[in-house]
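Below: one structure, written as structure tokens.
Letters A, B, C and D mark the chains in the order given here, with residues in each chain numbered from 1 onward.
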Amino acid sequence: MRLSELLGAEVVDEQGRGAGRVHDVRLEQDGPIIGGFGASLRLAGLIIGWRALGARFGYERASMMGPLPVKLLVGWVHHDGRYVEWDRVRAIEPGRILITGSADDLPHPSAAS
Amino acid sequence: MAGRVLDAGLDLFDRQLLDKDARLAGKVDDLEFSFPEGGGPPHVTAILAGPGALAGRLGGRLGAWLEGLANRLRDSQERRPARIPFGVVKRIGSCVDLSVAKEELETDRVDAWIGDHVISRIPGARHAPE
Amino acid sequence: MRSRIAALLLVAIVCGCTGPVRSFNVYASKGGKTAKAVVSAVETARLAVSAAARDRAYGRYLGQVLAEAERDATAAQGTFDAIQPPDRRTDRLREELDGLLTPTLSSLADLRIAARRGDLVDLPRLAAPLAGLSKRLDDFAQAHQ
Amino acid sequence: MRKVFEIALGILTAIGGFVDIGDIVANTETGARFGMSLAWVVVVGVVGICVFAEMAGRVATVSGRPVFDLVRERLGARVALVNLLASFFITFLTLAAEIGGVALAIELATSVNYLLWIPLVAFLVWFVVWRVKFQVMENVFGLLGLALIVVAVALWRLHPDWGGLIHGATHPAVPKGEGHPTWWYFAIALLGAAMTPYEVFFFSSGAVEDGWTRSDLMVNRANVYIGFPLGGLLSLTLMVMATLFFEPRGIEPGHLSQVALSTALVLGKLGLAVLLVGFFAATFGAALETALSCGYTVAQYFGFQWGKFVRPTEAPRFHLVTLLSIVLGAGLVLSTLDPIKVTEYSIVLSAAALPLTYFPILLVANDPDYMGDKVNSRLGNAIGSLYLALLLVVAVVTIPLMILTKAGS
């Protein structure tokens, strides 16, 4: 599986409702040991939302302060961001990722990490 | 035990690769995930780099063309992008440092070919500018 | 994508088409533009001549400036001549402008020839008619904007 | 002491390297048509390039990442590829214009048709890229470019009516007989000439080529905040000369030869000779910068090894791109496409393309992951955001204005 196959895929809950598209993939360095790198990067979860604009500008990090007009604009566009724990992924189809439970109880990405 | 947290798209995708001598060695064009044999969540096992990997991201006709070109340039018969096993990654910062020399990477083939067949034939190619 | 559109635009604009002219006014305004372009060339030549008169520039450079001025004026005349005059009324306008362009171009040619031969001292004398012609061309351009 | 020398040298080369064929053409044509009424745009452009280049230089120095590297990281492979195609095309067009400009400058000194010089000029540009050390290249052409100061000397000797010029510049109004769209179109051309994207590609890659570290941030700031405004003053001088000599006479300059007339009239043969040297150095230096920028942008997008700090065999694809760009650029002007016309289009398109590179730089300059404590100040961000808004407006209106005004004709 490639990262590019996950990015942009639509996330669908058990009721068949779309929850958003994958904007980013959260990794945690606690997987099996791999060569000189140490613990490998485990796929921890998916950051999803409906609007992709500004997903990679860096405003997910709280330390990124300015410039204010851009930060506000990106924040406004991105208010619908949510986080899906990998455990909730049921199946991966081309362009679609099925998750367990309902899309309503997905937390905001910043609350999850 | 909680390890370091990274967002793949933001912190890893499209980052510059540096070899052990800090020479530029391509970009993180894609990441390969593998599922562990005993089950459990997937983890990153390789960096995919070079035109073959990039083609998959661009999509469309341009992507298909680039993929064909990449496959023709590689010696191996397999139609897959060049990969860099994640075990040789040393550090992830504003760029990704590798612990091996560029020449040992699969991704270096095109550069080496152009270097050997075009650039090194021009006088003065082997000397630093003065 | 944007670069492709830009390239197309570039081609379209550089080619600049001279379509058929329907009315007198449009024809007259093209005449005015031609006169304006020729004034620019003539005034450039006159500046070059005054530099030559005061020995302030090399013959080669002056030859270059004068040759380009002549070429610009000739090109402007060529563009205008290629336009079909729409009716008889415009023939007079055309004759008027041609009456100014012919001596102007001949003076510009004289200047270029002299400069290329190195006869820089002759330039002010050869340029003498240009002052009056430039004025009349400018008046023409003002009258037919 | 060494640091002082280094800073002084940096400032001088920044002044000498500021003006290129785009500035020469834009400032002369604008002065001839609109007098000093658009001088304010040069000020806006110079402030803009200062803000932009300082940020790009600082980012490259602190993080070691030049502009196009970051464009790809922030915009993703796909959008960045579109950006690369646009930026490369414009830089390539500028390269062709500069090669043509060098050939025209040699033509003025020799009377041998410029087309015959183009192959030789292209070869020399490539040879310098191939064999001459980055620092030597930068210093020689930067210092030689200072010859353009002769225009300022001529202006000084002329004792113009300064009050009238300043009044014209501070009370901008569209001259009689000119339309508003044309006036704005020329404003965009001037802005594009002052803020050409290649300057930033070159400046940020140059910081890496020069091996700048945090201790060089002072040099960066001095180059940009002292060198660029003085360079901008030189381009304004060209505008003033055109206002004085061409506007009242109705001359619409379309040749490099005309630009030299005023200086020759005031200072004579020696002044003319120095100015021709200045034209040569300014265009040749810019041809080198654009040729390298063609290679920098492509290599930085794909992550290839680039730069003159390694042997050519170490950076094969970078050198291949640079070589091909020079050959094709020379081919474009050899096709008898007027270099001055190519310049006019390249500067206008440059203005339209500015947000493509400006925006990612502005983002990264705010990212502490790259910049640590060297992120933008509040003031820097305020000015940066203002320019971002301005450049976005310019990008939107450029092409419609180009069509509406038939490219300013």
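By definition in this document, contacts are C-beta pairs under 8 Å (C-beta built on N, C-alpha and C of every residue); 3 or more make two chains touch, one makes a residue touch a chain.
Everything numeric here is computed off the predicted structure, so don't read it as measured data.
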item	value
Centroid comparison with subunit B (C-alpha atoms), farthest chain	C
Chain nearest the global centroid, as defined over all protein CA atoms shown	D
Interchain centroid distance [CA atoms averaged], subunit B/subunit D, Å	34
Chain centre separation in whole Å, for subunit C relative to subunit A (CA means)	66
For subunit A paired with subunit B, centre-to-centre distance based on mean C-alpha positions, whole Å	24
Centroid distance [mean C-alpha coordinates] between subunit D and subunit A, Å	42
Multi-chain contact sites of subunit B, meaning residues that touch two or more partners	13, 57
Multi-chain contact sites of subunit A, meaning residues that touch two or more partners	56, 58, 61
Chain contact graph, described as a line, ring, star, complete graph or other shape	other
Touching chain combinations (by label order)	A-B, A-D, B-D, C-D
Partner subunit D, residues of subunit C touching it in the complex	1-3, 5-7, 9-10, 13-14, 16, 36-37, 39-40, 43-44, 46-48, 50-51, 54-58, 60-61, 63-65, 68, 72, 138, 145
Of subunit B, residues touching subunit D in the complex	13-17, 23-27, 29, 49, 54, 57-59, 94-95, 102, 110-112, 114-115, 118-120, 122, 124-130
Residue ranges of subunit A touching subunit B (in the complex, touch as defined)	1-4, 7, 23-32, 34-37, 39-44, 47, 55-56, 58, 60-61, 86-87, 113
Touch list for subunit D against partner subunit B, complex	63-65, 69, 72-73, 76-78, 80-81, 130-134, 136, 299, 302-306, 308-314, 316-317, 319-320, 369-370
Complex contacts: residues of subunit D adjacent to subunit C	82, 85-86, 89-90, 107-111, 177, 245, 249-255, 257-258, 260-262, 264-265, 267-269, 272-273, 276, 337, 341, 345, 349, 352-353, 399, 402-403, 406-407, 409
